[in-house]
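Chain IDs A, B, C, D, E and F follow the sequence of writing; residue 1 opens each chain.
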């Protein structure tokens, strides 16, 4: 477990100006540079499109809350056994949900984790598209609507699931290592 | 099969200027507006990121040829049973490979289609990441290297596979219908 | 993709009289000798039984229409990734259904293709038996009956599914190549 | 477990002459009418083709011995969880192999049963085609050839596997009950 | 198939006193020493815990009858393709249910075997936990309750399923051979 | 997530003397009563056998180190999506391996986690038996032997895998909730 990525990394300082700035802003806020950006830095155009897609879907409380968006990420990454995304977005989910255990429940067993009705509907919709997309159909949408999800919320769940189908595979392609900080972020650490 | 997308469509004329121009250029070249753009037009920021990611990976003959890039798309979309991507990119593969049958072979059975050694190595790498990404590992990379793929070619196969893991799920989410033109494009139609 | 079959072929002229006549009649009607007959010609007794079984089930409009019978074939062959059967029977389905797109929808994604209620019931019954026959049961039959299928129609769907479970495996065994003619037959080819 | 078949049965006396005679001969030899013939009797043309196909493949000691042919049947039926075929052909395998335990080993676990090298090669080839036919390929054939199987023996293993892919599904379609006699036939019953 | 276990056996005479006595009592009752005890004898502490767990769950008619307990064993061992457990506990199921065919039905196809409503509910609950435990949930329990199972009966089905998830894997680990006696025990052998 | 177990709990004080003492000793050492003992307390005989089996396999540094034994537990529980066992034994693995990240790597992706050669051989052997026990065979044992594992170490890996095949299912049966303490135990918590 010595490397960050099978294909090496590019440090923010060596990225084109716009990306150096964007990644720098994230690093300042987090206190460290998430390894995904160092790995994708090898291909600036791809990193730029990745950041654009990510920001279009994850930085919003319209409809789905930010915590619910992270819930989709952790559940589908759990189903895909993607360590980087489970650990990194598990940390963000802990922070956003203020729940220190939810991420471990959903990341290890998205299929059976006990959730609220709305959370379960979100996760079930996401898993159907992540794992069995060929038979994804109107039944899946109807179940989501019955749980109260709007058309835009359904799109968001689906699009985030799709984005992390990509993201999980990029992490598996590069054998991406989570930053050490993610493992403990957001845990209630009382002595 | 009456609709293009479960979530409706946005015609190019109703897109923001930059997107109207980009999609317009594609439509001019193809002779029609591929339905994926009309469906994703519902979310201009996502469509823009999608186009950027697509262009970064698909419009190049560096390393992988354009036909080989389409081979990755058709093989992984075949494994995911994504009708839109098999039909649309099958058409492009016919055009780019100048082979009227290859796309049907790979789209219906990527696992067993008879291919050249290099094509088989590309497809095997793509399928490993598309379908069994949790155990994707050094063995998969070594097999690709032995078949002569460079590190950048391996990245391209992996990143295209990842992009269409997303794209397939967007098509399944929206029940996206392929344009009629794609079904016959590039077939050798000699009476 | 240079060979028709891994085990070589026997041309109609070299078959026993009765088979030469039967295959000749098919060839006259189609304009070419479908490769399955040239491959199975290696074993005349098996070819004869194959033709008999095929004719007993496929050449009838009693109950299931001929197009519906081909729908079963294309759907189950799609689920089995059998290129020969998808391409050859996809062509026949285009001709019999007078629908140039249905076969590609069902052949690439039988699980999610949009169909009429009766078509979906037929395909669901076929897929249950093709893919998960151990748990095939009264629930499957009841669903078919509710969609209006008679006991004889249910038998036909089941028996055609069974016949092509065999046929698909014979095609995979021999790496059977579809005739070039099948790829374009029945497509609406307007310039 | 009160019925022989979901679709009722036709007794030999009510079959067309040629079939009454063929099934009668089998019944005379076995001491009872195997239920498969009573169930398929509902469709004489299909029963006739079934018998023809069966006889073309199973009644021969050329290349594969009759016991080896039954081994293919029991192994693939075991993988398909087909009770009728496991019990009926398990009985025949006990008789033909003169081994009272082999059928139970192969019928319950074809994947791991301890076999001779030649038996294991036969079973592995059969299972590859029965369960994963989409990726069936030259590697499977080469392994069989290395174990000493001839091209005709490979065809036989493949064709028997294909025939019972059909047969298993017919038994599942009809919920076919094995005759009581099959359960004990060929067991070494001391005391 | 020459060995009883990959790791050798320990005969009862060579076991610690308490185990020699316990296994001796079983052997006296059965007329032979079931091979599982000879194989696990390699590790007396593990054999002792195994016997304790087994006795706590299997030797009772409280709630679930002894035959129903064996039904759980044969069904889940069938799903796991565990030859030793199917053959040995199939024999016990024949004896306890006084039904000479039930064990072969359930052992070869637990998914589709025709059973009484209560038996089917027991088997469905067991299979859900045996094969898809990650998504095991309240739906599974509710179905069992609707079929009339008490909380203690549900626990018993679940705990027996769990015990034989272990037992099946110990048999696969050791390639454990069933004693010859088990194959015929409890069969109605009328000449 | 309000309950510890679907079937309620029994507090140590209410257990038979020997169990109260054993569980009390564990609680004293851990600082809390692991919930598995409170859930299994409903059935003292089963809890006693469970503890005996556990102690026979997990409390030893003979051959496999205690950390390696926990590695088997976390890997197979990860493959089975068993939240309780991943979280509880992940904590113990962190303590015993003195590695704060290993458990998250193996628990989220046992298939692809980067490990030492010996660790990978242990995990591969365990996964083969946990997930695909029907085809578990000499190849799996030979691979383990080549990596230097002794016969007793192979037995231990197999028996621990088997024990947690049971344990995972008991946790899924009861919807067992991990104690809060396990989530943070053994993490390097600086600041």
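Observations, loosely collected:
In this text, a residue touches a chain if its C-beta (ideal position, glycine included) is under 8 Å from a C-beta of that chain, and two chains touch if they have at least 3 such contacts.
Note that the structure is predicted; figures quoted are calculated from it, not measured.
By the document's definition of touch, common neighbours of subunit C and subunit E comprise A, D. Taking A-E and B-C together, the pair of chains sharing more C-beta contacts is B-C.
The chain with its Cα centre farthest from the Cα centre of subunit B is E.
Centres computed as Cα averages put subunit D at a distance of 43 Å from subunit F.
With each centre defined as the average position of its C-alpha atoms, the distance from subunit A to subunit F rounds to 28 Å. Chain geometry summary: the mean Cα position of subunit E and that of subunit F are 24 Å apart. For subunit B, residues touching at least two other chains, in rising order: 81-82, 109, 111-112, 134, 136-137, 172, 175. Contacts between chains form some other arrangement here, matching none of path, ring, star or all-to-all.
If you check each pair of chains against the touch rule, the ones that pass are A-B, A-C, A-E, A-F, B-C, B-D, B-F, C-D, C-E, D-E, D-F, E-F. Across the complex, subunit B is touched by residues 134-137 of subunit D.
Subunit D meets subunit E in the complex at residues 1, 78, 81-83, 86-87, 100-101, 104-105, 107-109, 111-114, 172, 175, 178, 180, 183-184, 187-189. Within the complex formed with subunit A, the subunit B residues making contact are 6-7, 42-43, 45-46, 48-50, 52-53, 55-57, 80-82, 129-130, 133-134, 136-137, 141, 151, 155, 158-159, 161-163, 165-170, 172-173, 175.
Against subunit A, in their complex, subunit C makes its touches with residues 109, 111-112.
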